[in-house]
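First comes the structure, then the notes that go with it.
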Amino acid sequence: MAVSPLAPQSFQSRASEEVADREITEQMNDEVRHKYIKAKKLGEGTYAVVYLGHIRTDPTSFVAIKKIKVNTEYRDGLSMDAIREVKYLQELSHPNVIALHDVFSSKDQNLNLVLEYLPRGDLEMLIKDSDIHYGAADVKAWMGMLTRGIWFCHENFVLHRDIKPNNLLIASDGEVKLADFGLARSFADPYSNMTHQVITRWYRPPELLYGARQYSGAVDIWSVGMVFAELLLRVPFVAGNSDLDQITKICEAFGTPTEENWPGVSKLPNFIPADNNHTVPTQGREFFLRQFPTAGSVGADLLMSMCSLDPRKRSTAYQALQHSWWTAEPRPTNKEYLPRKSGGTRKMGDDLTRRGGELDDQFKNAARQLDFGSMKG
Amino acid sequence: MIEDDFYRTSSQFRLWSFTEESLRTVRQKTNSLASDRVRIALRRAREARQSANSSAAGTPNPNGSDADSKAGEEKDIECLTSEEEQDLVRYYCEQIIQLGESYKPPMPSIVRATAIQYLRRFYLTNSPMTYHPKTIMPCALFIATKTDNYYMSLRQFADGVPGDTTAEDIIAPEFLVMQSLRFTFDVRHPFRGLEGGIMELNAISQGLGEPAPHLPNQSAEDLRRAILSLPPPLNTPSPPSISDRLARAHHNTREILKSAAQMTDAYFLYTPSQIWLSALSLADAPLAQFYLDTKLPNPTESEHPLAQLRAKLLQTLSSCATLLQSYKPLGSDPEQKKAMRRIGKKLYHCQNPEKVNLAGQKRIPAAAAAAIASAAGNPSDTPTPDSEMERLAKKRKLEAEQQKAGNDIFGGDLVMERTRDRQA
Amino acid sequence: MPPSREALVNRGDEDEVCPVCKSSRYLNPDMRFLINPECYHKMCESCVDRIFSGGPANCPVAGCHKTLRKNRFRKQTFEDIHVEREVDIRRRVMTVLNRREEEFDSKLDWDNFLEQREEIIFNLVNRIDVAKTEADLQSYASENMRSIRANQALEAKEVSSFQERQNHEQELARLRRQAAKEEYENERKELLAGRENYLNNLAQGRAGDAAAIAQKVMLKKSSARRSEEERIRQKQAALRGTDAQKPAYPGAVTAEEGGSGLIKGLKKIKTPEPEKPYDPFGGMVPNKRDYYTLRDHYPSSYLDPIRQDTRMLAGGYDLQEYYSRTMLEAFAGLGCFIDEEVPKRQASSFNVMKPVATQGAALAAGSGSGSI
């Protein structure tokens, strides 16, 4: 990426006076910084400010510059969200993952991420806008891009851990891009623990609600399934107002987890045994067909495979992409013809300034606290 | 090869891989720039002192002899060579291993290895004369705990650092280090690859080997028979069983990866797969040879298009193995220890005085800033200021106060302070 | 002695006997014979009713074991059953091999195709190489389903649009006539007006201007005519345009030209870009590896306990993910030779990985004031 690494000639490009005064690393940083021009502010949140910018030499190539604020409460240096986001985006390069073009620091030691400019908002916007009509072919196109993005992350052993409609941004050509890697991490090695306090509640799988500390890519697949359901219904499918409520609603919707349908579930740290008088049998294919008629029977089958309570029975991203739904009729809409909405620019500003795991304003109280202390194993 | 493309997208390959020559060029550039600046800075410091003295006294400096001796000293300022810098950095890389070991429980070796690579990357473009490794080293380790999912609080971490190093001292250079790392935090290590290789060798030894995609004629049974009939590793007694042999090779390779692979330029010059296979060949040459044979046809006996790759690989692996073998731990080498003391002494004289007080100059920890603000009778108003300009103005004000406070607390020039302490 | 000509003609009448029930037309003048294109064995209507009303059944003709359905029975069109069969075969082959001349690169290719089609029909009619021919036809049909359908649709459209086209032609002719008439009218009007104008100018102006005035009038007239001609031409082009769209060949269709390669010489499609089948993996090849073949399980005293740990399993922890990661990391980059690749990378203009970065390389010592 960027300028050739530490190429000797790049050190000589400045006047000798200046060279004598600037560290090499500062010079390199300046070089990156000077590549871009910050234009107007797109949004500001607790975590970051996002600007529209462009390449100095080409005012028509837009970028989004996400400036991460020095966290005033966090005494331990750069926050984990920022570190994770930078760490993983530096490694991942795929059409369905937001591109990180550069990183530089500005004068006051703020971190600036130069990101791909995605002016057409996010999936949440489209779902919520009742003026926008979309159909099965559109849903299939969006889901295809989302599933591919997640598959690529998992192929590179990265868990996203915060899939939800407003983290799925839309490029000017209609391509869906996974954004916000603030909760991402690479797959855990055997016997090491991960935190279960990840993924925004409505999209959080039952194993995390039950406090599992060893899990897999299946957690992201559950979220993908929830986004799928939400695209079809145009409202969140299981929207609990507390973690407990969330698990209750999941049980009501998909069935009560038991040792039979999910071996070992009762051993999970925060497992809550079901009330024997009130158990819901595991939902079968008919349920999904009835709930999600738009998807058709093949689509309902794919959705069901993503919503399996037992994470081991859930399809992997790879299996999901092998499903026959993608090649069944109707063919996914070409990305250029997908329904679009204006006002996406400001939305990108909002999306990128949110902290991981937060819902939008009206759900502020749902924001999770990262449980770092317990991450050590 | 498809697997290779996975590596080519990594930041380690894109930004942190060098030829021997380009590595040397970068280091020499860094060294000569730092040397120039040390000389300039020392002169500036001397001039400042003289003018302060002369204005204070109003007359020419009565202790002229002192000034003369200083001038003479400056002329003779001998800066570290690039090689000396590397030795010094390596010494502090070993210190990272020690420091990581001292925590309870000890830090995972992968975290320590990441920190070591951070330190090595940092000193490609920074000189120990500018930033003393003693101050950068704990910071690199702390950053590694954050990036490698081994999180502990700064307080907890600082408690484990010996001496009177405070949490603020540790975190002060964080941004500087991250900037020098060009904000790439992912380090690709050879450890997990070694696990994979041993895992597959175990499977082969139990008759569960799978043919390699380009050598479809292999059979599990042939592979098993072949691994069982390998000649024993050089200079070691024949191991009692294949599983013992694999366990021993595993252990010895891992030791090389934890030490020699970290302390040499291996990560800059080779890929993780090449590193672990070279290390394996040092631990058990016939085994490494065999494993490669199962993957790529032997160049001597095949017209296979992959034979060429194999030939090239052989060369690369052997030069990597030579590099790994060249490493001698400092602790076991009195010559090196002596050299290190000499370098330390030399550095003491050519340390850039303008960069010493990192905590004061480079970073205001938010908490400290707030404390100073309130101490200055300024009600702590950290909430987000309205505009960028206002924020900057506020920040500058804080910095000024911080500077003042710093001066008040520590009583002036820290370098001089330290110099006096040392001399005492 | 061969039967007389008369006898041949009459054979279809009186002495015709149903080969199944042996009743003859002589006894039953209303008797109708039906055939089934499955085997072309003739039988009378009452036999068909009797045998096949209960569902599919075997052909009652001895030695023929074809299963026949009642709804496929029909009246014979041609007297000669062989002709009947050939026509059926021809129709069937032609609906599959319905390429059109414009799909071929050259006249020769088109002729070859026609010959090939005849040969296929001939083989099927004469029961030569039937199995292979049928299989070829079948695989061609499934591989080229889309273009077959498109060509059928095209044919149907052409038939139905024949009338339409004639209407268009008439309309065009009418427009042409009208345009000519209008033009004549205009010309005449202008001529009159021009003459008036000319006379006026002459009356008012000086004598020397006369020639200039006359010329100006001429210019004006011809430019008016030119713009009128232009208008008509545009209109006609527009009409041609809408007309042309219909028979225009939908280029994407031949794209799937099948792997069986039954037909040679089809045009390669350049535009518009053919719609490839949707690839859920977006062009990446999943799970392909060059150095190793991943197993489902690797015996390991360190890892195997996880396979029994219900809590870890219940959380979804997947050893397969670990296997695939360690194996990939064991070989990722084994064939990257830094000493060769890195110098090349630095020589070739900086970076190809990320689109924005390349452009930035040009700025280098940009004199920019820090606007960030």
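The first chain written gets the first letter, and so on, giving A, B and C; residue counts start at 1 in each chain.
In this section, contacts are C-beta pairs under 8 Å (C-beta built on N, C-alpha and C of every residue); 3 or more make two chains touch, one makes a residue touch a chain.
Note that the structure is a prediction, hence the values are computed from the model and not measured.
Upon removal of chain C from consideration, the remaining chains are still joined by touching into a single piece. Among the remaining chains, B is positioned farthest from chain C, on the basis of C-alpha centroids.
Interface comparison, A-C versus A-B: the pair with the greater number of contacting C-beta pairs is A-C. Chain geometry summary: the mean Cα position of chain B and that of chain C are 63 Å apart.
Centre to centre, using the average C-alpha position, chain A and chain C are separated by 41 Å. Mean C-alpha position of chain A lies 32 Å from that of chain B. Multi-chain contact residues of chain C (touching two or more other chains) are listed as 303, 325, 346, 351, 353. Touching two or more other chains at once are residues 1-2, 93, 188-189 of chain A.
Touching two or more other chains at once are residues 6, 9, 14, 17-18, 22, 192 of chain B. Those residues of chain B that touch chain A in the complex are listed here as 6, 9-11, 14-18, 22, 25-26, 29-30, 33, 36-37, 40, 124-126, 130, 142-143, 146-147, 149-154, 167, 171, 174-176, 178-180, 182-186, 192, 362-363, 365-367, 370, 382, 384, 392, 395. Residues 285, 288-295, 298-300, 303, 323, 325-339, 342-343, 346, 351, 353 of chain C are the ones that touch chain B when the two sit in their complex.
Note for the complex: chain B touches chain C at residues 1-4, 6-9, 13-14, 17-20, 22, 188, 192-197, 199-200, 202-203, 206, 208, 210-214, 269-274, 276-277, 295, 309, 312-313, 316. Taken in their complex, chain A has these residues touching chain C: 1-4, 7, 10, 13-14, 31-38, 53, 55-58, 61, 63, 65, 93, 95-96, 99, 101-102, 106-107, 112, 114, 116, 144, 147-148, 151-152, 154-155, 157, 187-191, 207, 212-219, 262-265, 267-268, 310-312, 314, 318, 321-323, 326-327, 331-332.
On the chain A side of its complex with chain B, the touching residues are 1-2, 5-6, 8, 11, 19-20, 23-26, 28-29, 69-78, 80, 83, 86-88, 90-91, 93, 103-105, 108-109, 111, 156, 185-186, 188-189, 192, 194, 372-373, 375-376.
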